Each structure stands twice: as structure tokens, then as C-alpha cells.
Amino acid sequence: MTALLIRDLRLAMRAGGGFGLGLAFYLILAVLVPLGVGPEGDTLALIAPGILWVGALLSCLLSLDRLFALDYEDGSLDLLATAPIPLEGVVTMKALAHWITTGLPLTLVAPVLGVLLNLPAAGFGWLVASLLLGTPALSVIGTFGAALTLGLRRGGLLLSLLVLPLYVPTLVFGAQAVVRGAAGLGTATPLLLLAGITAGAAALLPFASAAAIRINLR
Amino acid sequence: MASIWRYANPRKFMETSGWLLPGVSILAALCIATGVIWGFFFTGEDYRQGSTVKIVFLHVPAALMAINAWLMMLVASLIWLIRRHHVSALAAKAAAPVGVTMTLIALITGAVWGQPMWGTWWAWDPRLTSFLILFLFYLGYIALWQAIEDPDTAADLTSVLCLVGSVFALLSRYAVNFWNQGLHQGASLSVVDEGAPMDIAYRLPLYFAMAGFALLFIALLLAGTRTEIRARRMQALLTRERMG
Amino acid sequence: MTDAPAALTVDSLACARGGIPLLEGVSFALNAGEALVLRGPNGCGKTTLLRTLAGLQPPLAGRISAPPESIAYAAHADGLKPTLTATETLQFWARLHGQGGVTPALERMNLAVLAQRQGQHLSAGQKRRLGLARLLVTGRPIWVLDEPTVSLDSASVALFAGVVREHLARGGLAVIATHVDLGLPEARSLEIARFRATTRAAADDFLEAFL
């Protein structure tokens, strides 16, 4: 299974766009929002947690449609499906690779963008913590969406329509953790719920994703 | 063998539903007419809300059916995944447009009711937000059905989506509650023990309207499923023709 | 190679593509060291049959008996990545199948000089040879091959026939769908067209529900 992870990471790095595109998108979003909203520091501080979380969510979405599409087109997915590792393992590794190339870098640059958006000082730690806990769920849920829309033309658009509603609980708890943290309130509840969603999604959704891939391959 | 699964046979379903459909439709029309007319014209006005309260006779039944339609889709999806009865998958497919319409009616009547009450057409109240999210789930489900050509693949994938979506819809409900405590009054029938009891004069027509919407849902579901079965039959006949 | 001698038995198999039955009553048995060549016109269901054998789609009816995880499948598409070198590609598949070195496979398929070349710089024939070298590193006894010689020149076809022959000699099996002569005179041949699902019987199972 690690062989698959290494291969996917290597492919992402050699393709060039793997790490960069999502991050660049995140940056552009963080620049555009103040341009649209106005330079008022207090307003920005108020909306910063939400913008940073919604931005992370959209950046995650950006690379999802390629998650299985390339392997599906060149026949690798057929070969992976007949390999000795279970398809559930394949999708978990794919989700992990997606998180390492998308969610993790997003988490790391988020504080920088927090500065741009005038996030209150107390919020930075919670921003990183909530993204670290929440972005794996985004990758796992996104993998499920990618598995459902595998092999569809115009799959990318449909993928967004299917995945974004599934992102609602993660977004709410993640952003709330930052909002409360920035206001100096207790963050244990949203963080625990966020971790619960991530753990639950990582444990159960691979079965649904693998089932969807099997259905799509036959 | 008198088993419920008999109706999973399309032919048997067509027979029975063809016989049931007119009755259910007429009953639905009668119940809705009774509930709405009684509710609109023969009940007193609320001392705080005035006559605007009467939209409850459309709002509550629609909201009820919006959720029940999704539950029915969930059950039908499970039946399809476990027992692979085609009627079940097609019934789930037929329920979605009805469910999404009910959700839309609930949202619109809610907005119309909210405008005079809360002074705004839309508030990010947890109940309203949940329904908006439910609406998005319906859209995704319907879009997935339409995107996939092979009917069995579409049935499989939408069923998986319905299962996963149900879990996340429930999670979203709690998330949204956590996110905002809201302006919305409690569920209209359960306010009984929370001070302002709903008067029996309101309750009876409301029950009629609710039964009417439930029957309407069943009628539309039967009609929709019959259409889907006919479409599949056409496809099957064309396939047979091509195979010679 | 595996310990126990493998065997593949297919018993009155029926398979469908896109819900339409294509083949029915396909039966054959292969023992260790035997190869079967599937023949038939385009669209008669060769690929569908092979995908069913590989376990990628469920059969409509009938049984496939083979030892678990014994089938290596090679399709039209080679599953190569433009940015991975030949060695990296094979190493990946070898590790996935819990196998060791990839150098013998590269050498056997005449790819040693291309070992460090990326997929995007390989010619069509070279890609094909790399795709077939993958079979060697899976360590699986039953090869299920779909048009393996497409875009190979005659020398490579002969090379490939030699590889298949060695595989059979080690107790392996092969089911190969092809139009061209592989140079495997010992292989049995099966005309797929005669299993075409023409009768109502096969169709009715599927259509019955809606007619």
C-alpha cells in the first residue's frame, strides 16, 4: 500500500501542478476577498475564519476530479482493482495522497493568509488545528465524490454539486472552532466534533468509495 | 405466497398501482381541499400572527413530506442494494423530484411566512438552513441519476449516494443547530407542552392537510414510478429488437 | 511462481456489457501449462469475457473457478504514467504484488536500455512491451490478455510468444484474445462468436422484469 502512496506522490510532484495549483487558488481567493469586501480591518477579522475555511474547501475541490480520472483513462484502475490490495485500501491511499498534496500544504499556508485577512492573533493556533483535523475529512469525502463520478463526462461539475453539501458539517465545525478561538471562547466542542467527523469518514467512507468504483468499472 | 415482495415485480406493481392510483389521487385532493379550505376560511386568526399563520396549512405538510420523501428514498435505496428489485430503484428515482418540490414549497412558504413575522424573507435560521441543505442534497441526487446512462449503474451509485448523503444530512442538521440557535418556532405540533399550545381548531385542519400531502406524495410517487417502469419497458423492447 | 499448480475452469458462463447479454454458455478448462486463444470478430464480447474472468465485472450466470488472486490481467490500455520511468512503473507493480526485483523482467522484454526512460518518451511498441513486462512482476500464474500484440513489430511478437511459452513451461496459464497469429501453435483456440447470446433465454432473465 505504501508503494501506491509513493507512486501517487511522485506523480503529483512530477506533474508540476500537484502542490502548486491548489495553493495558488487559495492565495488568490485570500487576495480577492479583501478587494471585494473592502480594506476595513474589523470586517476582515470578522469574516477571516469563514473565508479561510471556505477557501480551503474550494481548493480541495479543485484537484478532486483528477483523483481517479487519470488512472481510469489509462487503465491503471483496472489493474489496481485486480491487485492483491483491497480496493478500500486503494481509495484510502488515494485520499491520503490527496491530503498530503492538498490539505496539508493548505493548512501550512493558512496562517500566512490569516495575516492578509487580519485574523485576530488568538485565532491562528485554532486555524491550524482545525484545518489539520478537518482537511483529511475533506479529502476522504472528496474521494467518495470522485469515485461516484468516475468516467462521467462533465464529471467535474457534478462532483462539486455532490461533494459540497457533504462538506457542510466539516465546514461548520471547522470554521466555528476558529471563530470561537479568535473570540477567546472554548473550542473543545467544535474541535472534538470535527475530529469525530474526520475519524468517522476515514473509517466508513472508503467502503462506499470502493463500492462506487467497483460499480463504475464493471 | 402473500409477501410484500410480490409488488417488486414490475408487472404486479403496474396492475396494483393502476388500480390504486385513481383512488389515492381523489382522496389526496379531498384531504388537501378539506384541510386548506377549512384552515384558511374557517379558523380564527392568531392573536399575535394574524392571518399569516394560516400558511401553516401548506408549510408544515410540505416540510413533513420533504423529509419523508428522503426517508422513503433511503429505504428504497437499501431495498435495491440488498434485494435488487428494480421497482424499488425506480421508486427512489421517482420520489426525488417530488421531494425536491416539497422542499421548495416549504422554503417558499417559509419565506412568505417569515417576511411579516421576522421582517425578513430569509434568515439563516437552523431550520431554514437545514432545508436549504436538504434541497442541495436532492439536487445532487437527481443530477447523478441524470448523468449516468446505464440504468443499473445509475441505480447503484445513486443508492450509495443516498445512504452516505443521509448520514451527512443528519450531521448537517446538528452542525447547523450548533452554528446558530435560530428564530424559528419549535416544530408546530410539538409546541403543546412549551406554553403556547396549538388550538384543536388549528390542529384538525392541519391533520387533514398533512394526510392530504402524504396521499399526494403517494399518488405522485405511484405515477412517477409507473412512468419510469414504462420507460424501462420501452428500453427493454428496443434492446430485444436489436438483438433480433 | 505459485506453489500449487493452478487451473482455470469456466462453466457455462454468461456475461453482459451495459446490461445487454453478449455471451452465454462459455465453458472451457485450462490446466497448468496450457494456453487458450480466443478468436472472434470485433464486438463479439472478447473483452467482456476477459474482464469477467479478471473479476472486474460479475458474470450474469455460470461459474469461474480459479485459485484466489491468481489472475493477472492486461488490457488494451497499459496503465503507464507519462512521468514514471520504466523501472519505477515495474517496481510499483512488483511491490504491490509483493514481488522482488524488476531487472529480469526488463531484460526479458528487451527494455533494459530504456529502464530510466519516462513513459511519455516511449514509443507505442515500447509501451506495450513495458505493459507486458508488468505481467512478469505480478508473480501470478493465470494471464488474461486482451490483444497483447497490438502495435508490436514482428520481432517483438516473437519475443512475446517466447515469454508466454516460458510462462507456460513454469506451470502458468494464459487466456489470450487476439486477431493475429501469435506463433503459439500449441495453444488451443476457441471461437467466441459461437457463444453469442442470441436466444431469448439469455435475454429474458434481464428483460423479464419489464416485459
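A, B and C label the chains in the order they appear, each numbered from 1.
Methods note: a residue touches a chain if its C-beta (ideal position, glycine included) is under 8 Å from a C-beta of that chain, and two chains touch if they have at least 3 such contacts.
From a predicted model like this one, the values you see are computed outputs, not experimental measurements.
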Set A-C beside B-C; more C-beta pairs touch across A-C
So which chain is the furthest away from chain A, centre to centre on CA atoms? C
So how far apart, in whole Å, are chain A and chain B when each is placed at the average of its C-alpha atoms? 32
Per the C-alpha means, the centres of chain A and chain C lie apart by a whole-Å value of 37
Would you kindly tell me how far, in whole Å, the mean C-alpha position of chain C lies from that of chain B? 49
In chain A, residues with contacts to at least two other chains: 218
Would you mind writing out the residues of chain B in touch with chain C in their complex? 9-10, 86, 150-152, 229, 232-233, 235-237, 239-240, 243-244
Sort out for me which residues of chain C touch chain B in the complex. 18-21, 197-198, 200, 203, 206-207, 209-211
For chain C, which residues are in contact with chain A within the complex? 51, 54-58, 69, 71-73, 75-81, 83-84, 88, 91-93, 95-98, 134
What residues of chain A sit close enough to touch chain C in their complex? 3-4, 6-7, 10-11, 14-15, 70-71, 73-76, 78-85, 217-218
Residue numbers on chain A that touch chain B, as the complex places them: 141, 144, 148-149, 152, 154-155, 158, 161-162, 164-166, 168-169, 172-173, 176, 189-190, 193, 197, 205, 208, 211-212, 215-216, 218
